[in-house]
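Order as written gives the chain letters A, B, C and D; numbering starts at 1 within each chain.
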Amino acid sequence: MSSPSEQSPPEGIRFRLHTIIFEADTPAGRAFDIALLWAIVFSIIAVMLESVAPLRERYGPELRAAEWFFTALFSIEYVFRLIAVRRPLLYARSFYGLVDLLAILPTFLSIVFPGAQSLLVVRVIRLLRVFRVLKLAHLLGQAEILITALRASRPKITVFLGTVLTIVVVMGAVMYVVEGGANGFDSIPRAMYWAIVTVTTVGFGDITPKTVLGQLIASVLMVMGYGIIAVPTGIVSVELAAATRHAVDTRACLGCGVQGHDLDASHCKYCGHSL
Amino acid sequence: MSSPSEQSPPEGIRFRLHTIIFEADTPAGRAFDIALLWAIVFSIIAVMLESVAPLRERYGPELRAAEWFFTALFSIEYVFRLIAVRRPLLYARSFYGLVDLLAILPTFLSIVFPGAQSLLVVRVIRLLRVFRVLKLAHLLGQAEILITALRASRPKITVFLGTVLTIVVVMGAVMYVVEGGANGFDSIPRAMYWAIVTVTTVGFGDITPKTVLGQLIASVLMVMGYGIIAVPTGIVSVELAAATRHAVDTRACLGCGVQGHDLDASHCKYCGHSL
Amino acid sequence: MSSPSEQSPPEGIRFRLHTIIFEADTPAGRAFDIALLWAIVFSIIAVMLESVAPLRERYGPELRAAEWFFTALFSIEYVFRLIAVRRPLLYARSFYGLVDLLAILPTFLSIVFPGAQSLLVVRVIRLLRVFRVLKLAHLLGQAEILITALRASRPKITVFLGTVLTIVVVMGAVMYVVEGGANGFDSIPRAMYWAIVTVTTVGFGDITPKTVLGQLIASVLMVMGYGIIAVPTGIVSVELAAATRHAVDTRACLGCGVQGHDLDASHCKYCGHSL
Amino acid sequence: MSSPSEQSPPEGIRFRLHTIIFEADTPAGRAFDIALLWAIVFSIIAVMLESVAPLRERYGPELRAAEWFFTALFSIEYVFRLIAVRRPLLYARSFYGLVDLLAILPTFLSIVFPGAQSLLVVRVIRLLRVFRVLKLAHLLGQAEILITALRASRPKITVFLGTVLTIVVVMGAVMYVVEGGANGFDSIPRAMYWAIVTVTTVGFGDITPKTVLGQLIASVLMVMGYGIIAVPTGIVSVELAAATRHAVDTRACLGCGVQGHDLDASHCKYCGHSL
C-alpha cells in the first residue's frame, strides 16, 4: 500500500488536515485516531443494538438519533479526507475510500428506500475502518510476520484445501446415497454441507446419520477431520518459524548490502563478506 | 509414476495427440488442460444440481442434456487417450484409466438399468480427474513436501490411531454398560460411534450421556480428545519442518563442510567460502 | 512477586508463624501446605454438592456444618496470616489477601442476607488459593516458560483475535440478514453468538442455518474456523520453542563463540573447548 | 521391561514353548503372534456383535459358541504361558498376566452368575493384549519417541490441565448462577459438564445457554477453548522435535562413551573428545 502522503505535498491547510487525518505521529493526529476508533466502535454497537427487536421498539428514536449522529460525523470526516488528499477521485476509488463511502451511504439510502432494512446491515462494514487506524500501531510488524507466514503457506494450504474439498464432495455424494432424503441428506449439496460440518469437527447435529453404514462412514470422516487439522497447523508453524527467524536479524552485508541473514550467520550468504 | 510419454515415441498423429492430451508445455496442451478442468467442474456441478429434487423436477431435461453432453465429451477424450498412447490396454488398466472409464460408464449404464439412480453418483469420481490436470501445475512440489512429511509421520500416526481406536473401543464398552439402551447407547458399536463423535470433538449431540457417571466419563473422554489432538499436530509439524529443510538444500560447504544453506545462498554463511 | 518474607524479619512468634504459613521449606511448612490444599479441595467439593438439589435436601444440615467448619478453618488461617506479616493492611489489599477474604466472606454474609443463595457461589473462588500453595512446587519453572511464551505471543495473538472478532461481527450481520429471525437469527448479537459457536468449531446446534445461502456461508465460516486455528497454534509453538531454548542455556563457547549448548554440556559440541 | 527370557534358561520343552509364545524372531513365534492377533480381533468383534440386540436374538447360539471357542483358545494359551515361564506366579501377577486372566474370566463367571450381562463387557479388555503382540513390531521405536515427548511434556501439561480445570470450575459456578436450573444448568457439577463440553469445542448442544449474559459468557469460554488448544499442541511439538532430534544420533563418544549427541555435534559435549 503506497502511503497517500506521497500524493499530497505540503501546501497549507491541506497539509495540516492530512497530517491530522492520515498520520498519527503528531498529538493532534493521535487524538483524531483515538476519537475515530471510539466513534467506529460505538456506531457498530448502535447498529447491533438496533437489530434487537425489544430494544428497537423501546429505544427506537434514540438509536436512530445516534445513527444519524455517527453518519454525520463520518460524512464530515469523508469530506475532509477528500479535501486533504491531492487527488480526491483516486482516494474515493481506493479500498479504504470505498469502505468510507459504504459506512455512510446506507443511512442516506434508507430515506430514499424506506423498506430496505437489510441495507442497514451494510453499516457493519465500518468495522473495517478500524484496521486503517490500527495500521499505524505497533501491531503492524506482528501482522506482517503473520501475513508473510500465511503467504508462504499459500501453495501448501491450497493443496490442503483442495484435498478437503475433494473429501467433502466424494463423502457428500456417498452419504446422499447411503442415508437418503428420509434422514436429512436430501441432496448432494446438503450432504456436502453435512460433510463440512463433520470434517471441520463443528458437529451442529442438525443432520446426523441414522443408518449403521452411514455412522461408520461418518466415523471415518470424523477421524479424518480430527487428524488432518494437523496439516495446516504444521504448515503454519513451520512457515511462522521461518518468518520469525527472518524477521529477527536486520544486519545488512557490508559487501553487497543485502539483508535477511540468519541469526547464526557470520558471513554474507551472497558475497561471502564477513558480517 | 512413469510418464506415459516413454511408451509412445514420436510417430505423427499419435505424437501430436499425446503432446496435446498428456503434456502441458505447448499452448495447445495448456488450452486442452484448462478446457478439461472446466468441463470436469461443470459436469460435477450438474451432478450436484440433479440431486436436488426441486431442480430435477423443473430442469430435468436440461440437466440430462448437459449430462449427455459431458459424457460425450469425456468419451471422445477417452478414445483419443487410448489412441494417443502406444499400449492402450496398459493405460486402460492404470489408476487414471479406470477413473476415466468410471467417469463415463454410469451414464451409459443408466440406459441399460433405468432404475439405478444411485449408480449416477459414481460420476462424482470425475473429480479425481482434476488431480491429473493439476499434476502439471506448480503445486506439485508443495504437494510432494506434504506427502513426504505425511509418509515420514506414518509409523507415529499408526501408533496414535491405534491408541485412539483402543480408547474408543474401551470407552464405548464402558458407556454401553453405564448408560444403557434407554439413553441411546443401545449397542457397543453405537456407543463406539458416540465415543468417536466425542473424542474427535465433533459432538453432534444426537446421543448424549444422561447419567451423572456417564457425564463424568464423557468429560474425561472430551479432555482426552481435546488434548491428544496435540500429538498428530506435533508429529506433522516436526516432519514437515524436516521435509521443508531437506527440500531447501543439500549442499555442503567446501570450506567448512557445514550443510543447511538456503537455496539462494552462493557463499557459506559460516566461513564465507563460495558454494 | 516479591516474597512477603522480606517484609517480616525474624522476631519470635511472627517469624515462626511466617515460616509455617508462607514458606514450604520446613517440615511444618510443608505439612501446613498439604493440609491447606486438602481443606480447599474438600470445601470446593462441599460447595459443588450443595448445589445439587437432591443432595441439598437430604444432606442439607451436614453440608452446612461442613461449610461452617471450612469457613472457621479459613478464618483462623486468615487471622494468622494477618499476624504473620509485618504490614497486615498491605497483605489484606494484595491479590491473595483479597482472595482469602472472598473465600470466607460469603458464608458470613449469608447470615445477614439469608436469601442471597447466588452469593454462595463466590466461594468457588477458593480454588484460586490452590495456586498459592502450588506456587512453591517444582511446576513453577514450567509455568514460567509457558507464561513467557504466551507473553511473547501476545501481539500476534491480539492481531489474531482482532481478525476473528471482525469475521464474527461481519458474518453475524450477514447471517442476520440472510437467515432472519424465523430461523433463530433474530438479532445481530445472537447471530454473532452463532458465528462464535461456529468459527470455534464448538457447534452446539441450538441455532443452525436453514436456507441454502445460509448453509453456504456457514460452510465458508466453518472451513475458516477449522483453518485459522492453525495460526495461534503455530504462534505458540514457535514462541514456546524460543522460550524453551532460552531457558536451556545462554553460555557462549570461549573457543569458537557459538551459543545454544545443552544445560548438561561441559564442552563445546563444535570445537571441544571446555565451557 | 526386563525380557522374561532372562528368567527361563534353555531346558527342553519350556524353552521351545517360550520361544514360540513370547518371542517373535522364529517362524513359529511369528506365526503364533499373527494367529493370536487375529483371534483377539475376531473375539472383540464377537463381543461387539453380541451387544447389538437384533443380532443377539437371531445369532445368539452362534455368538455364544464363538465366545466359548475364543475363551477356550485363550485359556489354553494362558496355561501354556504359565508353563513356559520359570516363575508362573510372578507372571500371573504382572500387568499382562492380569490382562490375560481378565480376558477369559468373565465368560467362566457368566456360568456361575447368569444375570451378570454387564460383566461380559470386561472382555473388551482383551484389546490390550494386542499391544503385547505389537510390542515386537517396528512401531516400538516410534512409540518410544512419542512416550519420551509426552513424558517430557508432563509438567507443562499438568500446569495446562490445572488451568483448564480452574476455568471449568469457575465458569461452571458462574453459569449455574447466571442460567439457573430452568435452562438445564441445575447444579454446579452439571454446569461444569457443560463447561467441559464447551471449552473442549465438543459442543453436544444438550445443554445450551438461553440468556443473553449466559451466551456472552459462553462466547468468551468458546474463544478461550479455541485458543488454549494451541498450548498443548505447542508443548508437544517442541518436545517431539527434541525427542526426534535426540533419537536420531546414536554415536557414542570415543573418549567417555556417552551417547545422545546432537546431529551437528563434532565434539563430545561432556569431555570435548572429537566424535
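Criterion: a contact is a pair of C-beta atoms (placed from the backbone, for glycine too) under 8 Å apart; a residue touches a chain by one contact, two chains touch by 3 or more.
These numbers were taken from a predicted model, which means no experiment stands behind them.
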Which of A-B and B-C has more C-beta pairs touching across its chains: A-B
Same or different residue numbers at the chain B/chain D copy interface, by half rule: different
Distance-maximising chain from chain D - centres being C-alpha averages: A
Matching chain pair for A-C (criterion: over half of the contact pairs shared, by residue number), options C-D, A-D or B-C: C-D
Centre-to-centre distance between chain D and chain A (centres being mean Cα positions), rounded to whole Å: 42
Cα-centroid distance, chain A relative to chain B, in whole angstrom: 29
Rounded Å distance between chain B and chain C, as computed from the means of their C-alpha atoms: 41
Junction residues of chain A - those touching two or more other chains: 189, 192, 201-205, 225, 229, 233, 235, 237, 241, 264
Residues on chain B engaged by chain C in the complex (per definition of touch): 201-205, 233, 237
Chain B residues within the chain D interface of the complex: 155-156, 158-160, 162, 166, 169-170, 173-174, 176-177, 181, 186-189, 192, 198, 201-205, 208, 212, 215-216, 218-219, 222-223, 225-227, 229-231, 233-235, 237-238, 241
Interfacial residue positions of chain A with respect to chain C in the complex: 44, 47-48, 51-53, 118, 121, 124-125, 127-128, 130-131, 134, 138-139, 141-143, 145-146, 149-150, 157, 161, 164, 189-190, 192-193, 196-197, 199-206, 225, 229, 232-233, 235-237, 239-241, 244, 264
